[in-house]
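The structures come next, written out as structure tokens.
Two complexes are shown next, each including chain A; its partner changes from chain B in the first to chain C in the second.
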Partner chain A sequence: MNTHYGLTILVAEDSPVDRMLLSTIVSRQGHRVLTAANGLEAVALFEQERPQLVLMDALMPVMDGFEAARAIKAMAGDELVPIIFLTSLSENEALVRCLEAGGDDFIAKPYNPIVLQAKIKALHRLRRLQATVLEQRDLIARRNQQLLDEQRAAKAIFDKVAHAGGLDIPNVRYRQSPRALFNGDLLLAAQAPAGQMFVLLGDFTGHGLPAAIGAMPLAETFYGMTAKGHASGDILRELNGKLKQILPVEMFCCVALLDIDFHRRVLRVWNGGLPDGYLIRADGSRIALRSRHLPLGVLAPAKFDGHCETYPLQDGDRLLLLSDGVVESRNARDELFGEQRLLEVLERSAPEQLFDRIEQALAAFHGQAQDDLSLVEVTIGEPPPRATPSLAAPFEPRALDWVAEFELRADSLRTANPLPLILQVLLQTQPLRPRAGAIYTVLAELYSNALEHGVLALDSAIKRDATGFAQYYELRRQRLADLRHGHIRLRLQVHGDEAGGCLRIGIRDSGAGFDVVRVLAEDYRPAGLGGRGLRLVRQLSDSLEHDGADGLIVEFRWGARA
Partner chain B sequence: MSDEHLDSAILVTLQEVMETEYPVLLDTFLLDSQERVLSLRRALASGDSEALRCAAHSFKGSCSNLGAVRLAELCFALEEMARDGRLEGAAGCVEGIEREFAIVGILFRAERQRFA
Partner chain C sequence: MTITSQPSADGRELTIIISGRFDFNAHQAFREAYLRPDVSPQRYVLDLQGANYLDSSALGMLLLLRDHAGGDEADIRLLNCNPDVRRILQVSNFEKLFVIA
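What follows is the complex of A and B.
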């Protein structure tokens, strides 16, 4: 009668005859037997020996079987310790009490060894099943904890990469859930050396860690390139190339990029796959910033189009970007928030209340805060305080006496932006670093002035209204694409000693030239869009003059270092 | 052996299960049952129907395990009476149990002799 599995079984029975009989049956079946003559003894033995199964008489002196069963079940906790009650099956009321006390089965007197063996075997199987379930539950719990830890770690790393101070700008308002990273949402903002601000809202396909992983190189490339002064088209091309290279085919990133030039009041915008963003004028009129491109990471570099649309900006304008979590969010009744609801909110709200109204509308729609959408608003006004340049070149004394000349011909002018490179060269000169922003802005002004008004012969007078503005930039694009002749010459001269030094920038172009003296003498026109550039150059630099042979000469000077 | 008093099939099973311990089981039953009968008497004398019910219930269990079917039936009848508080017939029932136990005792002692 021996069985291959041996359990430790507790027999609790007050009648010596029954106890003896039962222990003999059970031990003959290959189990180790513990005996108790009452409930109290049974509980004590259980605590001490932790048997795997209990045969329990219901009526016993000192402590009855019901109370002992409850105590044992409580001690066993999650582990299944089957209790078989020894009782006659004739009394329903007693059976109910056995079940309520945690009994798993019954056996009636006279004991039948075969029936008892079958019951022990069945309950043992149940025990093992329960143990497996518990093991797997614990394993799942551990894995889940591990996953959460990893997500937390990934988020901590990501937050360092993604929030390098970029969003703490007074004219930026945003709403992003703490889980946004793992919904694939990404919001980045940075100020470029020339003072433009870049805002990028991205939405990776997919969820969870895979969606978050692409965010890292995206953020790093974004911050790296904006800090070095690259133009939006180049940044987008680089981001696209990087994502195309690393993301699996089914993954890509819907992105809207705002390139906001606060000084020249120009917005460049590129939208690939995100819902319409909006440029909202102070009077409430709206321009939709439509998706006109495929998302990043889809097209091969050769086919990628980083061309941005250009819009003039004015004080009080607002720019709004939102992730598809806004329009595609659903409420408890599985209704879609939808574009219509969003448009109604836009229609009804004053521009300065728009952000709050959208949040309120979403909250009202869902009845609670949603955690899978991103929303960002930029208000156009004074240029935001300039962030300290983060270009950390190692400090080494450099020879401060050199001249460099560049001549950029048509092919270069058409395809390349030389300014980031030039800025890198200049920033090797330690005393110039604190003025990196001003130098970059001046270089950008001089360069675009030479390119647009010189080489491309565009008249800034066209830019007097919004239609003219768009026309101007379209004309610029066309003429640049068709450019076959022409050049810009840049001459950089740095000279310095312990007493101080000077950077001298000379720029000349192949265009017909223009009357700088007249342009500079014109009255300041706050509403106009032309002529402002040179005034800005004069403000930011230490001198601006015009020399017939060298073209425009700008100087930055510094005194002795402390 | 009379099947009216003892269930011979149960006794065969008991011998198989207990092997050499079979006579010890019988001795234990005889000794324990004297105690049980005494506690029935005591409960009856004090008129404590709950104590009477428990004692009858417990005795019934070991009787049925040992195949003393008639004795188990009498205990069951007494247990029912005690549960319903019908103590008027209980004295007669206890006497019946004592008589039956005397017979079972003789039969078990004979059984025990066979294995001595």
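What follows is the complex of A and C.
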């Protein structure tokens, strides 16, 4: 008959005979018994001894069982302390009062030991179940708190990697919730040495830690390569290769990349798997920046296509990218925000109010802030201020004297971009570092001038209007892909001593040449969209001249340290 | 969401029929459907007639199937896509990996 579990059970009963009888029954069943003669005593004993189960007479002097039951239940809190009412009451109403006061069961006099034991056992089971649930609830709450703490820490680390200041540019506006990283959203922006700006919006499949972890190498590669001056196609190829290598098969990252050249007023855009972005002209007309590629991390490097679409830009143009959280978001009634609603907002709003209008439309649709969508807008105007490069070591004047020559032939021109490498070489010369941006821009202009107008014999007059503009870049792509002969020669000469020094860049190509003398003499101002290049080179460098043997010669000079 | 699969008489083709929401909840059922131990098909057909929704983890599952079926050599056709499903496949340019009809 004895049970293997022993509980502490409180018996509250005003009749000494019944109290004795019950105590005997209960203690014979292997439980420890506490006794109280009225409700007040019962409450005091409960507080002191914390019994696990209570047998409570309903009608007692001083404080009745109903009130005592309420007090005990209140003290027990979340813990289940079963109360069995001992009652001779038989009217339904009285039994209901027992339950309402917090009673879990009742047993009628005279007491049947077997029924009492079964009830104690059943309620003990319930007790254990409740205890388990509470334990699990607390465990889940603790784990959840832990997870949130970890996410906060991870986010702080990620922010150091990802937000290397790129988003704090005046002509960039964005909105991204703090939870976005763990929803797989990623927004990166950086200025390249030549002054163009890269903006990348990414959306990893899946949520939580895996998405956030994938974002780290993506951000690092993006910032590393943009800082070194790599071209968008090369950056995308590297990002794709890296993600393909590290992500499991079923994971990938939808990405839109904007490569905005503020000087030459050119946009290159690549979209793999994100919803349409938009190029919005000052007059309100729109061009959809459509997804034309598979997301990053799907294709093997050999099959990857990093080809960007090219559009001319003008002052007042706006670029808008959105994550699929915008179009795919649902409100409380499970309605989709949908592309149609977005298009209506685009249709109705003046370009400069667009960003606010989209936010308002989303807020009105959902009735609350959304935490899983990203939105970014870039306004085209003056080139954003350049971040000043930090100089790690003070400049020690030293004698410098070297010449390097590169001849880039067809295979190299077709497949490689030599500029990042050349810039790295030049930046070994400390006095040149503060002008890294200008030097890179000049190199990029000279190189693309030699390649496009020299080797590929493209006429920039084609770029007069938007159609011609697209045609120009298509021609460039075709001719470059078919290139079998031709070369560009670059000659770099650095000479310097304590008093100062000079970098001399010479560039020549295998093309038929163009009328440089006329261009330089007439302060050449071609009509249309092309031809800003040489003027820019002249502005950024200390001298630009033409030499029959060396082609174009550009100089950057520096003086002794002030 | 229900997923069933039906091999052809010669066992060379496996048709997987998906209806309802094709999303992360379907992961296990979808795996079981294409990893049937009783057949080793050379071609797969996904019948999406009854599928009204597809999320990015469903796209991930399609990539898993493609990987299982031989990667670039995989022969997988997606049939009866409704306009919503087709749009999602289009945005991700999955027609470069699968035959979508």
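As a convention for this text, the second predicted complex is superposed on the first by the 540 of 562 C-alpha atoms of A that agree within 3 Å, B and C clash if a C-alpha of one lies under 4 Å from a C-alpha of the other, contacts with A are read in each partner's own complex, and residues count from 1 in each chain.
Simple rule for what comes next: a contact is a pair of C-beta atoms (placed from the backbone, for glycine too) under 8 Å apart; a residue touches a chain by one contact, two chains touch by 3 or more.
Just so you know, these numbers come straight off a predicted model, no measurement behind them.
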Consider chain A as the common anchor and indicate whether chain B and chain C clash or fit when overlaid. fit
For A:206 in the superposed arrangement: first (chain B), second (chain C), both or neither? second
Check whether A:495 is in contact with chain B, with chain C, with both or with neither, and answer first, second, both or neither. neither
Between chain B (first) and chain C (second), which does A:125 come into contact with in this model arrangement: first, second, both, or neither? neither
With the two structures laid over each other on chain A, which partner does A:15 touch: chain B (first), chain C (second), both, or neither? first
Is A:142 contacted by the first partner chain B, the second partner chain C, both or neither? neither
With the two complexes superposed on chain A, say which partner A:272 touches: chain B (first), chain C (second), both, or neither. second
Could you tell me if A:295 is touching chain B, chain C, both of them or neither one (first, second, both, neither)? second
Taking CA centres, what is the chain B/chain A/chain C angle in steps of 10 degrees? 80
First (chain B), second (chain C), both or neither: which does A:110 touch? first
Look at the superposition and give the distance in whole angstrom between the closest pair of CA atoms, one from chain B and one from chain C. 59
Residues of chain A that touch chain B when the two form their complex: 14-18, 20-21, 24-25, 28, 57, 59, 86, 88, 109-113
What residues of chain A sit close enough to touch chain C in their complex? 205-206, 249-252, 254, 272-275, 291-295, 298, 300, 303, 324
Sites on chain B touched by chain A in the complex: 7, 10, 13-14, 17-18, 21, 24-25, 28-29, 32, 54, 57-58, 60-62, 64-67
Note which residues of chain C are touching chain A in the complex, please. 56-57, 59-61, 63-64, 67, 72, 90-94, 96-97
